[in-house]
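Going in written order, the chains are labelled A, B, C and D, and every chain counts its residues from 1.
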Amino acid sequence: MFSEYRHKRRVQFYETDAAGIVHFSWYFRYMEEAEHALWREAGLSVAQPGSDLHWPRVAASCDFHGALFFEQEFEVWIRISAITQKTIRYTSELVRGETKIATGTHTVACVRTRPNEPMRSATIPPEIAGRFQVAPGADP
Amino acid sequence: MFSEYRHKRRVQFYETDAAGIVHFSWYFRYMEEAEHALWREAGLSVAQPGSDLHWPRVAASCDFHGALFFEQEFEVWIRISAITQKTIRYTSELVRGETKIATGTHTVACVRTRPNEPMRSATIPPEIAGRFQVAPGADP
Amino acid sequence: MFSEYRHKRRVQFYETDAAGIVHFSWYFRYMEEAEHALWREAGLSVAQPGSDLHWPRVAASCDFHGALFFEQEFEVWIRISAITQKTIRYTSELVRGETKIATGTHTVACVRTRPNEPMRSATIPPEIAGRFQVAPGADP
Amino acid sequence: MFSEYRHKRRVQFYETDAAGIVHFSWYFRYMEEAEHALWREAGLSVAQPGSDLHWPRVAASCDFHGALFFEQEFEVWIRISAITQKTIRYTSELVRGETKIATGTHTVACVRTRPNEPMRSATIPPEIAGRFQVAPGADP
């Protein structure tokens, strides 16, 4: 059962903006990278070839406590903070050394897509739900 | 006094992802585009040449209600929902025709940067604060 | 018959980098935006719903003559410089006022995709080829 | 003396587009990542804190031979193919296993920036030029 992952990362130049720091939109991408790394750790993929399941975000939020600069190394510590039949909620902390840079959450829904049909909400299949559990202490 | 702006936009191909829809990180960029357009409407710029003021985000959130596809036209309706001495909070609605696609908020802080010094929180100068006001009915 | 388009654009903040100017990777996106706008002008889309045609790039190049800064307005003047049975080549000039910022080219191939099959080179259908022609004077 | 680097990488979801493959603009970012990794390997940074040197691209090109899909692992093999007093030219190969995905080149110029002055071409300082040399066999 998997519930958390520590994703290590270095800031790339194209992630910075004219204020000299990482553009805030990247924090959401960092959190998604960590989510996908957690799935790989669990032997899974959010985009299994041949599967018609997708995992669109239904909500995302981030509080920014500090800045990240070019070439700095940091870590995204992602934890599963809630699981329902059709959604998974993640809580992430971005940390550079001892410095907390940001705290974020995002919630994904399981949907099924068929060609020329709208996305449809779906129950998370047991072979996926059975691999994950809520991390102890993760804020719901 | 300016308090809101309707920013029109078309989805570009590089904004879509392998799920065939706009990647969620773009919604935060769309909201920032609208913020900067509101400032221009007010005769201002968030990055006035020669100014040492910056406007980093301290918080951002988004609820995703629908998807956007390549080449679709949509609108970001941004409103100022709160102003304090050092921060501005914006609320945005992304709408495609009559369909609500997303609702988001972001809060920016006024900071002063000096070479080789850390960013420092600053009071919003009167020539900026005096141009903006909270939009009537905007959720605080 | 369509052969060129002038795409107007303003630099967004997230397109700049820590050097204070637009990151070079964006110039390629600007050129693609202009290409897609040319297609819309011709009543077409590079991603027609229901179509299995795609237009991947087989080559792209850019010479950078000047910089673009946040909020600057510029124009991408795209012209079709060559058409073969299976490819289209575009030449673009990025201009800010009278200043030439960059010159680029990109070549796209017509391919057909079927589920679970590799992309396959395809002849450009006549309803598309018949809408475009090489721009007079465009460098091949 | 450093002349090449093999930069390992995994495709992230936000790098893909609605055609299901990595958007071509990312290949240029991958090549830049490899360049910066080569500099770090040489104990250098393209954005040394306190330095007024920048390294804007003056030209970039790429030939695309294959596609990259979400989560695929690949390598950017970057080599210095030419050095002049004021420029460095890099040649890169993107490879996934035994499959060549793309070949690219980019040329950077050494410039000096001073506040409120235009960028000015500059000679590469000896402490930088002395760390790099052209890779044997790299196509100039």
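We take it that a residue touches a chain if its C-beta (ideal position, glycine included) is under 8 Å from a C-beta of that chain, and two chains touch if they have at least 3 such contacts.
The shown structure was predicted, so the numbers you read here are calculated from the model rather than taken from an experiment.
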Quiz item: In this assembly, which chains make contact with chain A and also with chain D?
Solution: B, C
Exercise. Could you pull out the chain whose C-alpha mean position is farthest off from that of chain B?
Key: D
Quiz item: In whole angstrom, how far does the Cα centroid of chain C sit from the Cα centroid of chain D?
Solution: 23
Quiz item: In whole angstrom, how far does the Cα centroid of chain B sit from the Cα centroid of chain C?
Solution: 28
Quiz item: For chain B and chain D, what's the span in angstrom between their mean Cα positions?
Solution: 33
Exercise. Would you please write down the residue numbers of chain C that are in contact with two or more other chains?
Key: 13-14, 18, 20-21, 25, 29, 32, 47, 70
Self-check item: Chain-level touch network, classified as line, ring, star, complete or other
Solution: complete
Quiz prompt | Of chain B, residues touching chain C in the complex | solution = 12-14, 29, 32-33, 36, 40, 45-47, 70-71
Practice problem: Enumerate the contact residues on chain B facing chain D in the complex. | Solution: 13-14, 16-18, 20-21, 23, 25, 50, 69-70, 116
Exercise. Give every residue of chain D touching chain C within the complex, in rising order.
Key: 18-21, 24-26, 28-29, 32, 47, 54, 56-64, 67, 113, 119
